[in-house]
Amino acid sequence: MSAQAAPVLNARGLSKVYGNLVALADADFAVRPGEVRALIGSNGAGKSTLVKILTGAIVPTGGRVEIGGEPVPLGDPLGMIRRGVACIYQHSNLAPAMSVLDNIFLGRQPTGRFGIVDTRRQRREAAALLARHGIEIALDAPVGTLPTVKQKEVEILKALALDARVILMDEPTAWLASADVARLHATIRALRQRGVAIVYISHVLDEIFAVCDTVTIMRDGRVVAESQLAETDRAQVVQLMVGETLARETVAAARQQRRPRGTGEIRLRVRDLGRRGVFGGVSFDLHAGEILCLTGLIGSKRTELVRCIFGSDRFDAGTIEIDGRAVSPRSPVEGIASGIGFVPEDRHREGLMLDMTVTDNLVMATLDRHRRGPLLSLAGMARAGRRAIDDLSVRPPGGGTAVKLLSGGNQQKVLVGKWLALGPRILILDEPTVGVDIGAKAEIYAILRREREKGAAILMVSSDLEEVMTVADRIGVMVSGRLSAVHDAGSVGMDEIVREIGGGTP
Amino acid sequence: MTTDRSKGRRDFLKAVAIGSTAVAGAAAGMFGTPGLPATGFGVTRARAEGTRYRMAFIQWQPHTVPAAWSKGIEEVLTPQQVIDYELLDGQNKVEVQVSLMDTLISQGASVIFLQPIDSVALAPSIAKAKRAGISVITLNIDATEPHASHVEMNHYYGAMDIAKAMGDAMGGKGKVAILNAPPGIIIRDQRTNGFVEGMKQHHPGIQIVADQVADWDRKKAQDVLNTILAANPDLGGAYGVNDSMALGAVDVAKEKGLLGKFVVFGNDGETAALESIEAGELTGTQYTDVYQQGRLAAAAATVLATGGVEAGAFAQQSRLLMPYVIATKANAGSIQPSQRW
Amino acid sequence: MTAPADRRGTVRARPAPMRHLAPNALPVAMAVAVAVFALLEPAFLSIDNLVGIARQVAIVGIMAVCMTFVIMTGGVDLSVGPVLALAGLAAFFALDGGHPLPVVLLAGLAVGAAVGLANGLTVAVLQLPPIIVTLAMLSIARGTALIVGGPEQHLIRNEPAYSFIGTGSVLGLPFSVYVFAAVAGLMILVQRRTPLGLLVAAIGDNERAAYLSGHRIRITKTVVYVICGTGAALAGIIQSSQVHTALATYGPFGTELDVIAAVVLGGTSIMGGNGSVARTVLGVFFLGILNNGMNILNVPIDIQLIAKGAIIVVALSVAARRA
Amino acid sequence: MTIRFASAALVLFFAATIAFFSVSAPRFATASTVENLMSSFSFVAILAMGQAFPLLVRGIDLSIGAIVGLVGMVVFDLSLIFQVPGWIILPAALLVGTAAGALNGALVVCLRLQPFIATLATLAAYRGLTYAVSGRQLVPGLTTTPIRDPWIVGIETYLDVGRWTGLSTFVNMPWLPLSFVIMLGVFVVLQAALSSTRFGRDVYATGGNHEAARLAGIPIGTVTVCAYSISGFCAAIAALIMVARFTTATEALGTGMELSSIAAAVIGGVSLAGGVGAMFGPAVGAFLLGTILIGLTLQGVPQFVQQIITGAILLAAVGYDRLLWLRRERRPAAGAGPA
C-alpha cells in the first residue's frame, strides 16, 4: 500500500526495564495509514511490552511516541484511545454482566437529554457495524453468557466502533476457529481499504503472510528486522524470529546430548486422552530421562492437556498410566502424590506467592518434609532454600527477599526449584521461559538437562521454536486440540515444525 | 418528669390504692375500680361466653427488668384462663417497636403493654391503637400521647433521691463519676438529668468529675471506672445508670481494696444488686418490686379488657406510680425473697 | 480488588495498601497518642492505668488475634459477638451442672469451635461470600443464645476457680492479660512456625498457586474459621468470669466491627493477603490506648466516636499512600 | 439485566411466603397487615436500594445506618430548636445525607481506602456526630416535644386508594402509606437511572470490569462517588420517613440498618462481587424480610426463633445465587440468548 505516506503511529527508541529484566530495548516502531504490519517474535520477545506502551497501559523507561506527527503523553490509556489507538487484548476486556450492545459502546453510549441512553441510535449504529463486517451476534445477550469466540468478536466490534486510526490486535485469532479467522482477515482488508493502520500480532505465519503487508520482527526485547512481506519468505522470517542468540556451542551441546526415549523406560503413558470441547484423542509416551516438548500455537490446548495430566483439570476420556499404573488425578494433591511436578504458564497468577520470600516459595510444595512435630523447622527450610538457591544460582541469593523483587528469570528459577525440591518423577513445564532474559533461559535449559540426566521425565510446553529445537529430545506438535505428530528432535528441521504448526490453520 | 413533685407524690398514693384493689380484684376475678364504670364479673362473664383476650408486652430489649415485669404480668393473667399473652422483643430499636405495635393492632390485641424506647416516637402508634380500640399500658417510660394507663417507677425522682442518698453517704463532699448508657433511649436521659439535678439541689458540694458511656455493660463499666480512677485517685463514688454498671464499679472497688470507702449506687434493684448490698459491697440502688409493677399493670389490663371501657375514652390517663425505695444495707434485708427479681 | 487483570508484572506488583502501615505509621501514631494523653493527663502513664489498658484490651485482643487469619484469607467473621455470649452461657450451664473446670472450659470453647466450623464449611466448601454467611450466623447465633439463656442474668457465684480466669491476678498482672499474651504468642508461633501459618499467607497471597502447589485450601479455610470461633468463645469465657455473669445479650452489635478495626489497623488488608498476628496486637493496643486515653480525659462519647473514625481514616490512608 | 433469574425466583419465593402466612398465620391476610408491611418496610426497601449502588461498584456502605441517624437528628434540631419551616428542612436533610455519602465515596476514591474500612470509620464518626448535634442532649425539654411541622409529619399520611378507585366497595382495601409511594418513586427513578442512562451503564461497567471501564474512558472515580452519594441520599429519604413516622428522632435511629440493608440487597440478587443486580431485587428483598417478621409474629413464633429463621433465609438466598452461578459456569457456551 502507501508505504511512503507519513506514519500515523511512530515510536522511537522505546525501552522498558523491570528490575534487572530488560523487556524492551531501544525499539523503533512505525505503522502507516492503510498498512497492516505484523509484529512477531517468540514469547517474551517484547511484543506485549511494546503493545502495552502503545496503549498507554505502562510508561516506558525511555523513548517517545508520535501519533499523526504529534508527540503524545505516555502512560495515558484514555489519551491513546482518544487519539485513535484501539487495542484488542488477549484477555477479555469486557463487562461480563452487560449486554453486547453496551459493551460495544462501553463508556461512550450516545445519550439524549438527562444522559438518557439513546438505545435506538445505539442499535442502529451497532446493526450497521454488524452488517458492514458481516458479524452475527445477539446484541442483548450478556457478554458473560457468550462463548469465548463470540466474546472476541465483541472485542473486535468494540474496537471497530471506535473507528480508530490504529488498531492493535494482540493474538486476535488465538481463540478463533479457522472460518472466523478468514472472516477476520476479510474485515482487516476492509479496514485497510479505509486507511486504518493495523498492527497484527500473531504466531501464525500463515495468517501473517495472508493478511499483512509489512513485518516487524522482535527478539529478546529488540527489533531485529523490518521488511516488506512481499520481499521475504517464511524461511527468512522464521530465521530472523528464531535467531542465533544462544551461543552456538550451547545449542551444539544440547543437540549432541539428545537422548530420544531417554532410558527407554516408559514413565508416563497417555492414551486417547480427551476433554469434551477442548482436546481429544491425545496419545503419547514419556520416557524416563527424556525431554518431550509440546509445541503449537497459543490456544492449541497444550496447557489444557498438561493440566489434565497433573490433575488440576479433569479429563473425561482416555487413560493415563504412570510407571504402568493407571491413575486419574482429581486434584493437584493426587498429581503430586503420583510424583508429578507442574510449573504453570503464568507464574504470577498460578505459580508464585509474590509477596512471600524466596525460601517460602521454594518449600511451598514440600512443607510436610520440614515438619518437626507440629512445628516447621525453619532451619531446615532455610537449608533447603539455600541449597536450591545455590543449585539454581538464583540472584540475588538471599533466601529472605520477597520473590516479587526478583527478575523474571530468577522468579522462574524459584518456581522450577519449588518442584525440583519434590524430586518429581515427572516434571511438567508450561512455557517455562516466557519473559525470561536470555541468560536465565540458558540456565533453565541447563537445569532441565541436569534433571533429565537424573532420570526425571520432563514434559515441556513451549511456543518458542528455538527453545524447542534446543532442549527437546522429542517434539510433539499440537494443532487445535490434537497431537498431530511426535518427532525425534534430531530428525526434524525447524521449517518442518513451523509448517506443521501453521498447517493447523489453512 | 413533666409533672411537678407534689403531684407525683399524690399520684403515687392513688396508685397504691388502685394497684392493691386491682390486684385483689383481678385475683378474685371481680372488679370495683375507682374511676372506671363498674361492669362487674368481667372475667367471669368472658369465661362464660368463651371469649379470649390477646395481650402482649413489647419490651425495649431482653433485660432483667422487663423479664420480671413479664413474670408479674403472667402471674395475674394466666390464672384467668381467658387471656393469651406473649412477650415481644423491641431489639432496642424504635422502628421495631412501632412495627410490632402495628402488628399487634392488626392482630386485634385487646391490651398492649409497652416499654417505650422513646416517649414521642411511640405516641403515634399509641394513638393508632386507641383508634383501634386497644388499650395501651406503658411501663416506666410515659408517652406524650395520653393513653389508658402508665405504670412507672419514676426514673427522674428516683435518680434525684439516689443523688441525695449518695451525697449523704459521702458526707456532702467529694468527687463522683457517672457510668452512663449511650444516648438513644429516654431512661438514660431521665436518670442522668435527675442525678445531676439532685446533686445540685441536695449536695452542691459534690462534684461530678466524669460522665462516661459504659453501654449498660458490667465489663465496660469495670474498664471505664478503672480508667477514671487512674485520673481521679480521690474519686469518692460512682453512680451506675443501671445495676450492671454499678456492679462493674463494685468489682473495681473490690479489686482496688476500696470497699467501704468507695460509694457506689446503682439503679433498678435487681437481685444481684441487692445481694451485693447485703454483702456490704454496693452502697445502694433504687429498688422497685418489679413483679408487683407487672401485676399492677396486668390487673389494670384485665380491668380495661374485660371492664368494657372504651380505650378511646382515656382523655386523661391514670398514672399508677410504683413505690420505690432507695435500698441500702439498712433496709435491703426487709425485701422479701419473693420480691427479688 | 481494583488491581487490573493485566498481563505480566506491572500492576499486580502493587503491594496491598495496608502492608506498609504497620512498620512505620502505626507505631508512630501510637507514640503520638501516648505522648498527647500523657501530657494532658500524667496519670495516663501510671502503672495502674497501663495495667488497666492491658486488661481492657484482653478480650477484643484475643478475638482480633484469632480473626487475623480469617481476614488474611480474604474472609471476615461478623458472628463473634453472639459467639462470645453463647460460650459464656455454655460455661455457665456446665458450671451449674457441677462439672469440673476443664469440662466447663471445654464446653465453652466447643460452642465457639462449632459455630466456627459451620461458618468455615459454608464459606470454604459452598464458597458463599463470608460477609453474608457470618452475617446470617450473627443472627442465628444470637437467636440461639437468647433461646438458651433467655433475658435473665445467670450469676456465677462462688466459683473461685472459674472466676480466677477473669479476675485473678498473678504478680500484679490480671490473669486475663496472661491469657491474651498466651493466645497471641501461640498464634504468632502458629503463623511463623507451622505449615498452617505459611499456608494462610500463601492463600491470601495467591490462592490459585497454593492450590496448584498441592495444598488443601478448603480444609485450611475451615480451620481458620474454627480458630476464630474458638477465640471468640475464649473471650466469652473470660468476660463471663470477669463479670460473674452469663448473659445472652453480651457481645452486642458493634463488637465484631471493633475486632475487625483492630485487625485492619494492624496492617492486614480486608481484601486478604499479607498480614501479621504480631501487628494485629499492635492494632489492638492502639485502639485500647485511644479508648483509655479519651476516657481518662473524660472526652464525651460523641467526640470519642468522631475522633476514632478520623484516626482510623488518617492512619490507613497514610498506609495507602505509602503503597 | 434488570430482572435476573435470581429476581424471578425471588418473586416466586415472596409469593410463596405470602401464600404460606395467609393460610397459616391468623389475621395475616388483612388490609391492616398490608398497611403495616408497607409503612414499616418502605424505608428499609429504600435503604436496600441505596445500598445496592455501592455494592454495584464493588464497594459497600456500612455507614448507611449512621447517616440515617445523623439526618434524623439534623431534622430534629432544625425543626424543634431552630423552628425552620419544613419546606427548607426537607432539601436540607437530603443535602446532608448526600454529602455524607459523597464523603464516603471521596474516602474510597481519593484516599484509596478499602470501602469496608472507610465506611466502618464513618459509621463511628457519623454516629458520634449525631450525638454531638443531638438536640435531645442540648435541650432536654425537647425529648418530649413531638415534631409537628406539616411538611415533615405530612410524609406519614395514608391515601385511601380504595375509595378513590371505588374498589373498597368490593374488598377492604388497605390505605396506601405515602412512604410506600415515595419508595415506588425512588425505585422508578433509580431503576431508570440504572437501566437507561449513561450513568447506569458506567456503574455496571465500573463494577463489572474495572480495567475495561478505565480503558473505556469511564470516570471511575466520579461514578464511585456518585454511587456512595446515592446511598447517602436514600439514607436521608429513609430518615425523613422514619422521623415523620415517629414525630421525633433518637440518637440511635438507624442502628443496625447497614446490615439489614446489605442483607436485603444480597437477597435481592445484588452480587458483592459488583456489576450484577438491579433495584427490583433489593426492594422485594426488604419486603420479603418484613413479611417474614410480621408473619412469624402473627403466628406467635418467639422473636428469638425469628432471628434464627431470618439468618437461615439469608443463607438460602446467597446459596441459591451461588447455585445459578455454578450452573452458568458448567455450560459457558449455552444461554447465549437474551437473558
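Each chain carries a letter (A, B, C and D) given by its place in the written order, and its residues are counted from 1.
Please note the rule applied: contacts are C-beta pairs under 8 Å (C-beta built on N, C-alpha and C of every residue); 3 or more make two chains touch, one makes a residue touch a chain.
Computed from a prediction, not measured in an experiment: that's the story for all the values here.
Q: Would you mind naming the chains that touch chain A and likewise touch chain C?
A: For chain A paired with chain C, the chains in contact with each are D, in label order.
Q: Based on the averaged CA atom positions, which chain is farthest from chain D?
A: The most distant chain relative to chain D turns out to be A.
Q: Suppose each chain is reduced to the average of its Cα coordinates; what separation in Å results between chain A and chain D?
A: Spacing between the chain centres: roughly 47 Å.
Q: Mind checking the centre-to-centre distance between chain B and chain D? Centres are C-alpha means, answer in whole Å.
A: Here the centre of chain D sits 35 Å away from the centre of chain B.
Q: When the centre of a chain is set as the mean of its C-alpha atoms, what distance in Å lies between chain C and chain D?
A: Distance between chain centres, rounded to whole Å: 30 Å.
Q: Once you find the CA centre of chain A and the CA centre of chain B, what distance in Å lies between them?
A: Centre separation, chain A to chain B: 75 Å.
Q: Give me the residues of chain A that touch two or more other chains.
A: Chain A, residues with two or more chain partners: not present.
Q: Where in chain D do residues touch two or more other chains at once?
A: Expected reply: 131, 134, 211, 214, 255-256, 303-304.
Q: Where in chain B do residues touch two or more other chains at once?
A: 89, 182-183 - these are the residues of chain B that touch more than one other chain.
Q: Considering every pair of chains, which are in touch?
A: After working through each pair, the chains in contact turn out to be A-C, A-D, B-C, B-D, C-D.
Q: Quick check on the complex: what are the chain C residues that touch chain B?
A: Within the complex, chain C touches chain B at residues 41, 43-44, 46, 48-49, 52, 55-56, 59, 146, 150-153, 155, 167, 239, 242-245, 248-250, 252, 291-292, 295-298, 300-301.
Q: Touching residues of chain B toward chain D in the complex: what are they?
A: 1-2, 86, 88-89, 91-95, 98-100, 102-103, 105-108, 117-124, 144, 182-186, 189, 193
Q: Please give the residue numbers of chain A that touch chain D in the complex, ascending.
A: Listed in rising order, the residues of chain A that touch chain D are 55, 77-78, 81-82, 92-99, 102, 105-109, 111, 114-117, 119, 138, 140-142, 144-148, 150, 277.
Q: In their shared complex, at which residues does chain B touch chain C?
A: So the residues of chain B touching chain C come out as 61-64, 66-67, 89, 182-183, 209-213, 215, 217-219, 222-224, 226-231, 233, 244, 247-248, 251, 255, 270-272.
Q: Show me the residue ranges of chain C that touch chain D in the complex, using the header's touch definition.
A: 1-2, 4-6, 17, 76, 78, 122, 126-129, 131-133, 135-140, 142-144, 146-147, 253, 257, 260-261, 264, 269-271, 300-310, 312-313, 316-317, 320-321, 323
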